[in-house]
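One chain, chain A, links the two complexes that follow: it is found with chain B in the first and with chain C in the second.
So, the complex of A and B:
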């Protein structure tokens, strides 16, 4: 590191110019394959005979897992069957409650216990929202669920909701327990953190492939994928929350003679309530984010409706309707759980009123459900009362096609011809040896030889596993969208840091953008730009822009006032102060935002393969439909490695920079 | 020599100090001997090889000694103050005494049992029934009401709900918060929160009461009020108290005896008067220099021998503080006679001495 920080060391005035040599080697590795394609063809296109059949190995490994692995008393297959059976049974409970009700006997003289009545549920959600967050939240809760009801999304939404509830409960319970375990057993902590880091860079889709293989298609594997995806933040939050409990409370527990169990459940966990509830909110958000993705492996519900619509030629209207129902569900559940974090204990009359509201809500829920024994319309809203905007949306789509098509198409063609295609061609034709050399050189400059070796190994996975074309397509789409997202997000964040109103507005906008499941972004984009790379690009930019805005805003706001005053007193103009004082100071923070943008772009890339890109995401998607776990996993690993690569490189840069600035 | 009847004069002397002085001959309740707490890798082995290392040796080994060779005897029913600046090791010492922090070496005896040899189960029993602790930042459980917080130590013991809540309510009344029993900690002021902390620590009726800078987080007016409250409680309860503070005025006001700590070691133990009159080191005298001496020194402590044939005015008891008798002494031309409990004259208190000690604290 010191070589980089202090290129001219005082004690060695004429030291060996390692930096120049590394730069020269990198340049050679890039240029030579172009200059002499005949003798160095192997360095330009990765030779097929050097490809290591990693996907085949992974496939064989999974086959071995599922067929031959035995723990003595039971096999791996028994275990997966047991787990999926367990969740299958557990899922029956919320499913009967929210979606199907319970029917005894055959069709003749069957006795039916209705599901929770829509009227009761809407009333309960409204009242409980009022309890949690006052009139505004009540209106939001009512509107959200009313939308779902009136537009005929109730049945699907309840299938989804029952899965969400079970997934959230399992994710929260499992995450909390794992977090407690890692907190209690320091030796486990390192392993858990490493596992979490890895799981958060693996794209969601990659979970689906082995799950389909091991558990099969259906709601259970959809739910398991959701839990795997949504649980890691809960583990992290639990560990952090327990560590943040004031040490005096831990001492109190010991001084009052608490047994370890009492200390944990009576003191530590309740004291960490607020932080833990933030984790619950995260689990809910991630669970809802997975709704549509999990539907690819048979989760059903709203996700299936959206997916189905995307697959059909003219289904966009229906898809938007179902997509909006997902959004409504997500926003309502998000805001309710967030309000729960803010809810403070009160005493006396206020507490009594809260209890009263809770019971009134519950009474409304159960009362309406009881009434629906007599009035079936309360269980299922008759079709004639429902409204469908499907036609309206189809009309919108046609109108867009007729009126905006030429404009959108012109933009699309322009982007393709002048930006996307040239970059893509350039990157796919880039010599693989050159790519490795560029990564190695950059990593060396940031963190020395060992770091360079690790980073190069990560990038080498792409050519070695035979994923060059798809991998480079991923890199190309990712880098262009990251650049655009940053170019859009930076000025927005800058505006936010300058004015309170803008700050508030952007905050609300970012909140909403983050609440939307990634898939939802695809719907309007496809409507405008059809299938293809441009749609993917726009969707990724929209989805991944949020951290660029947030971190820029935050970073600039954190510049100490004294520093700004120093700039002004030195006679800076506003622009000079921004460019010479504030931006350099906030740059590490902004780069962390860019890092987040890259992570989000990578995860969105996989989702957007649904609209016709030909990258690693596509391979995962194909693998799901072909049930080829090897291909899916290797593509998933490649994306994870790209994520880790970017994360470590940027992280190293930020750390060095902060150290140098003494932060 | 004109003897003045002490009985006629003591009427003009102010009431005795609010503090209840623990009998100096009470048996020790808590004893620690040669207690060490060293932080760092292999501190155990280091101390085994070199049982009494100098500070330089500890530093050279890359270790940090938070408590160095502390030996104390805390008497039954006394208020024992451990006083030192931040980083002096007083918090660590009190945590070693309660075994919240495991000492590296030494022994701690409570009721003839070595706390450091106890199994975790025995320790839990001692803490549940014999010890109470008040924390600097209150350490109230945010999710429990005042009642729930005070009942908590009883709940942990497994006491039934009705019984523990009745007992907790008594404690809450004792600290004057009966009307706030249903409130949550965040709805209370700092002073009220610490009253809850005090009530909670007393709920199990401990014989041994630890207070870790209990009033440091409060503003001065509230602090004074809480100190009075603390003295009132101690007059009723007569616990054995270990009280930590960094405030010498607080130490003087509350303590029967004071131990002064510096860099992990105990420099001097004594009553406030002993510390003021015979400081063991410059460090101690630096603390005592700005003390209002009139409120610390007694007539017996500063009196001088009587010359034969001298005329003495009103008699003052030897145990009275100089500030308390100042008015009486200054009112007469002749020096005051200082008498012991039996009415015998042990010396005289001159006006100049009174003035010097009253003004001395202000210099």
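So, the complex of A and C:
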């Protein structure tokens, strides 16, 4: 097997050389504005008078929503406030349970029901982890929560945990119901999928300002933003899971006389249980991703601690400790929910033992909590038992700074002068008509005229909304980061697919990179690479290379052994087999990884603007500080359109490629 | 969770429910009659700098001592005023004339907020450099020295011009205009966040490397790092509006940044709703150097904020 794919022209003979004509038109659109800047100036720089004031319209619309819209008896604002009020009451329950306890009255010494004791919670997590995943998981669960306790992060972690629990419950319930609705009413499915694409690609930051307008500030708006961000995977998974239930089961349900409602809840949903739990796991992870951003509109908890520590003089260690508490929480919850997915039902003695373990855990939890009536130390660990790394991390970073700065600075200058600045200047000076033509041509080659029209409309939003410079800076920063992340991630994924130990190590590294708030490592990066595009690049690459590693590893591991043997039999050396058999076979999967890399890079834009880039993320940051929801939303839309564009183009490419490989 | 607080919140909830219920054909319930002093919690805004956390918590502790319920909420600096107009925030202790001038004017126009007068400390913000840069650029702190010092403050990508780190996009300050009007050989680079900006200052300071950046006070930076502010021509309101003013006859902004008061703001309802609390807020004064010292205790010495605030409140309780 020399090449898996066949050249295109052999399969689709054409009468007219349409391809050449399209290529010619694209080349003209790009080159003419350069060649004749005088008569085609309008095609190079987008004329200011053609800019459509989209952000002003959005702003006016939101002001109207929040100030003037009325349904007669109550206004739109009353409605949003009512909803947020409901969430506020719902939040009181987990908050009382985990973080504040219940106090009757305001006086000193008033009767106080303590929150769940730390000792009880650690014991319960350990026992339940053992129940779900054996000794290994039990050790992990214990260490994770013990770290949170001993480093003095418990109070904040419990504030965060109570919000996470409510957000996850709402996200899972809402997502499942929406998924079922889309499954039951096929007409809605298209609309739901489009809405999901949107919710996932519009950066969460863009809807923070409108949320503050409509809902106010505080834990509730933080939670609503989190739910908006974390729910989409649950909807997708539900739709997919229900479709995958064999039709025989549905028929069986009808034959046994189930009503549609019974068929759904007693047959379909239970048999889709495993897939649904995967969705739950996704919701948990995404919720934890939002901790920092939610803290920016008043959610408090660990996110606030991270942000606050990093502003202080020697706060790096404190920030890192709080950041690692987020990682601990995320990894323990992730592993426990994953173990729940893999848990097989058992019967007889084994089942009895499981029940027993569950009750022991619950008893430990409640027992310790009851004991803390008598021993307040069980409710709140006294400060003298806590430890801290103190200034150690700041000192380490200072040492690195003093000793390695010159090397880092040389790398920075080299990157800046030879790669970043030239590409940025080129892209910002690129004729906008040319950009539209390039996108249209590429989309046409992948999916025909209709597809080309849609994709061009998406990219046209950037010049039309007057976002050219920041939009092109975004494209420049993201494309370079994606290339570097892919170049670093592919070989790592390759190594991971070859050795079990490397696979495990990379898994742990990816988990940490994805859950550690990027702010924590951003500051040391800034100290070495200074404020500007290089620091942003490093931060984006670190975060975005994770899917490149994971998908490459996974794709290569999935190459069927028969195919590998066939390669060996045909006389391939190891390298040849990799290059000619395995990589081509895994390429679609790897490209899906690259697609994810792009999404991740786009989602990092706002964070990168915190270290001084001038991209669309900056536009959103400015919008937040000026309380201008229109500006933020229009930049958010532009980022979403870029994401959808990349996703659709790569999706088309992968589909065609898979088809030709006969998969 | 305080049960007491919950019941009043519940009453408020019932009122909203009643409103919604009206739609469904239920009788709207009347909201409970307003007592002399409302039992609702007073919501104090927290922004993203330590000095403000201290003044906010001082206010909170003083009010708690008078029996009020206090909640804190974290919110972006300028978004806070919008939230106050919506009734989500009751009190903001620090709105700086230097950065929030326009936002305060806009908010005053809505009539939904009230300016309670100055807090006390004088806000100062300007271009700032570490002392060791004086050797590399003789003549500082006078701004005219900068005319020849672009190279000394430069980075590879800005050379031969100097690099000035500011927070133009979020905090304003008109630095690009200032650079142009005064003909300074500098490029204004936006730092994005304060945390990033001071991380770079720390990095440069440890290596005695050149740096010029925006520093404000009250803040921990002037007490941890040796350095001083550049002396630009004194700010005058006309400088920002009238091109003829100042050294450059063709351009505005040929002067330094305004320095001035820090104002306290509250919702226009406060006076009626919590008359006692209103008096405390109105009276509140914090001494500038004392605040600077407290900021240093928290940010540099790592003391818990609550302790620092408690010590202050014990000392000054008598005044309220």
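In this text, the second predicted complex is superposed on the first by the 546 of 663 C-alpha atoms of A that agree within 3 Å, B and C clash if a C-alpha of one lies under 4 Å from a C-alpha of the other, contacts with A are read in each partner's own complex, and residues count from 1 in each chain.
Here, a contact is a pair of C-beta atoms (placed from the backbone, for glycine too) under 8 Å apart; a residue touches a chain by one contact, two chains touch by 3 or more.
Every value quoted in this text rests on a predicted model; they were computed, and no experiment measured them.
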Contacts of A:262 with chain B and chain C, given as first, second, both or neither: first
First, second, both or neither for A:612, with chain B first and chain C second: second
Which of chain B and chain C A:68 touches, first, second, both or neither: neither
First, second, both or neither for A:622, with chain B first and chain C second: second
Partner chain(s) touched by A:523 [first = chain B, second = chain C, both, neither]: second
Partner chain in contact with A:342 - chain B first, chain C second, else both or neither: neither
Partner contacting more residues of chain A (chain B vs chain C): C
Touching both chain C and chain B, counted on chain A across the two superposed complexes: none
Chain C to chain A touching residues, read off their complex: 1-4, 6, 9-10, 12-13, 16-17, 19-20, 22-23, 48-50, 53, 69, 73-79, 81-83, 86, 88-89, 155-157, 165, 169-171, 189-200, 202-203, 206-207, 209, 220, 224, 298-300, 302
Residue numbers on chain A that touch chain C, as the complex places them: 71, 73-74, 78-79, 81-82, 85, 88-89, 92, 95-96, 100-106, 209, 212-213, 216-218, 295-300, 304, 307-308, 310-315, 398, 401-402, 405, 413, 416-417, 421, 519, 522-524, 526-528, 530-532, 535, 609-614, 618, 621-622, 624-627
Residue numbers on chain A that touch chain B, as the complex places them: 246, 248-249, 251-252, 254-259, 262, 266-267, 270-271, 273, 344-348
Interface residues, chain B side, partner chain A - complex: 95, 98, 100, 123-129, 131-133, 135-139, 141-145, 152-153, 155-157, 182-184, 186-187, 204, 210
